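Multiple structures are listed underneath, in structure tokens.
In the two assemblies presented below, chain A is common to both, partnered first by chain B and then by chain C.
The block that comes next holds the complex of A and B.
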């Protein structure tokens, strides 16, 4: 049950992390524009190089991130209900599911590097490693935040504004990690298949 | 009771930030011909002509930049003192922020010294060697982003834990600091590009990413002044209560 003053409620419903989210989305929007502009100039090279990516693995990773986001959303709902134990349980589930994304991505990187596709192979792979690498840094940050919540937050005080605000803020960040991937996946993996 | 005023030198420290910014814009950016920086894609011969034409302006600009560099550390110390008040029981982030400011100051010193060296020997060294020195300074300048990342992240994390109902630093400024610090990871890509948006003079790398440092510093300078005002008011109120 969310309680406190109107300012407390506002800080939970519209936490200040939105400043970070908006700035980050802005910078990714610029990166996406750069990649798509380069793609227009070198469409043959981009299409040919992108066929070396595994779209099915990308799809599995997309499903993993969406499922992870759903579990985080369930944690936020439980926290807003005042169910601290439930929130912690959903967050643990989100960590367990989402960790598969990291494992698959690392496998994908090692397979690509093993096959000779590195950031200096051509412009497509430069942008592939750039976009997915920056996204991966966000993923690691998000996972670290989820783990920090589970092990450091006092879930018995989930009704308190400061505790609830942390859960909501990390939840928003995690959804952004998911959202960014939903742009990256079709841009890098699916466009050459169309 | 000025002799017991804990904020006696804070005004000087806080003004160090804006003065540093003005010095950096005038010295490094305008006189140093870094708006935008010289393109890494151009030939050594073109580079030599550029250096010989602008030799004295670049020298003067870099000397100004190296002279104002310690002001950044002074401003960082003002921030640390405010952070110590924001989280009175734990000064780890405040200390990290200060060390970050100190090492960032070195990032202003070393490359500028190298750029002065390039102009100093522009009449006797070969163009390729000069360009190599110039590029090396840029690698240090951009790829050495991690101290400022540590500084800005410590800044944000500490002020987010300020328990005041109205925090000393607005929460959006704290988050912005964390984001700007993390966004500097893009500088890792700079050594891979000689042209395009990710080269050191490119749209993304310079006009957006690099300029974020200056824009955030402008915002932080304003709110450092405001935070000092709040702390002085708190101090005056606590004195009134004690009296």
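The block that comes next holds the complex of A and C.
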């Protein structure tokens, strides 16, 4: 069993993963700035185009990502207790729940393209596909990392710092996928409704 | 402070409630007034802060990381809400 709080705390206090996450977050902040400044002067076009998006699907996807994040966080807690089987179970649950995000996003893309809304339709859809597409690539990377953890990590050695760090690092990356969507969702789907 | 499963579950429920609340607020459309832009983004910022501190365990990080993510979160919130509010 994992014991002592020092090891627990050490597991999140390694700068490399935080530097990577922070750099990625600020890269998205630049993209947000580009989208919002491009919207100036054509807010009517952006808001009318945004109303073609399905805010309810966006809501479901937000709830899926939040739930996936919760399940991954539970896996980290189980791993810290030295419960490798429990950690693996929570990660599998996270993969199962979060896979629905990908399915819904692909459905949404196909529905939009089927309705004639492509990246060249107007500036709004250019940025919609760019932002959500980049976020989707992060989602795929996160899913691949979660799947790799579940099938390649030796969960019987979950008390070892190196194994625990893998789970914590992938978990932090997965939470970032959730974190970025928490801004993308209101920006593209919700605020144009007001 | 070590994060417990109970803390995570309470956080998850709070995030779900906040997400649905923001959706309902924005679905009411123009009836609610433009203050709802700031309200919706404030909810998004609070949710992001909770994800950072509880799920990502930023509360265990150094003050420099907390400050850096605080700057990022504040910038994104003010940028999106401000430009929606003043250019719609």
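By definition in this document, the second predicted complex is superposed on the first by the 180 of 194 C-alpha atoms of A that agree within 3 Å, B and C clash if a C-alpha of one lies under 4 Å from a C-alpha of the other, contacts with A are read in each partner's own complex, and residues count from 1 in each chain.
Rule of thumb we're sticking to: a residue touches a chain if its C-beta (ideal position, glycine included) is under 8 Å from a C-beta of that chain, and two chains touch if they have at least 3 such contacts.
These numbers were taken from a predicted model, which means no experiment stands behind them.
The partner that reaches more residues of chain A, of the two candidates chain B and chain C, is C. In the superposition on chain A, A:120 contacts chain B only, with no contact to chain C.
In the superposition on chain A, A:30 makes contact with chain B only, while chain C stays out of contact range.
In the superposition on chain A, A:66 contacts chain C only, with no contact to chain B.
Using the contact criterion defined above for the overlaid structures, shared-chain residue A:186 touches chain C, although it does not reach chain B. When the two structures are aligned on the shared chain, A:83 is found in touch with neither chain B nor chain C. Residue contacts after overlaying the shared chain place A:137 against chain B, while chain C stays out of touching range. Taken together, the two complexes place residues 18 of chain A in contact with chain B and also with chain C. Contact residues on chain A toward chain B in their complex (touch as defined above): 7, 16-20, 23-24, 27, 30-31, 34, 38, 119-120, 126, 130, 134, 137, 141. Those residues of chain C that touch chain A in the shared complex are 2-5, 8-9, 11-12, 15-16, 19-20, 22-23, 26-27, 29-30, 32, 34, 36-37, 40-41, 44, 47-48, 51-52, 54-57, 60-62, 65, 68-69, 72, 75-77, 79-81, 83-84, 87-88. Those residues of chain A whose C-beta lies close enough to touch chain C in the complex are 5, 8-9, 12-13, 18, 21-22, 25-26, 29, 32-33, 36-37, 39-41, 43, 47, 55, 59, 62-63, 66-67, 69-70, 72-74, 76-77, 80, 171-172, 175-176, 178-179, 182-183, 185-187, 190-191, 193-194.
The part of chain B that touches chain A in the complex is made up of residues 160, 165, 170-176, 178-180, 182-183, 185-186, 189, 192-193, 196-198, 203-204, 208.
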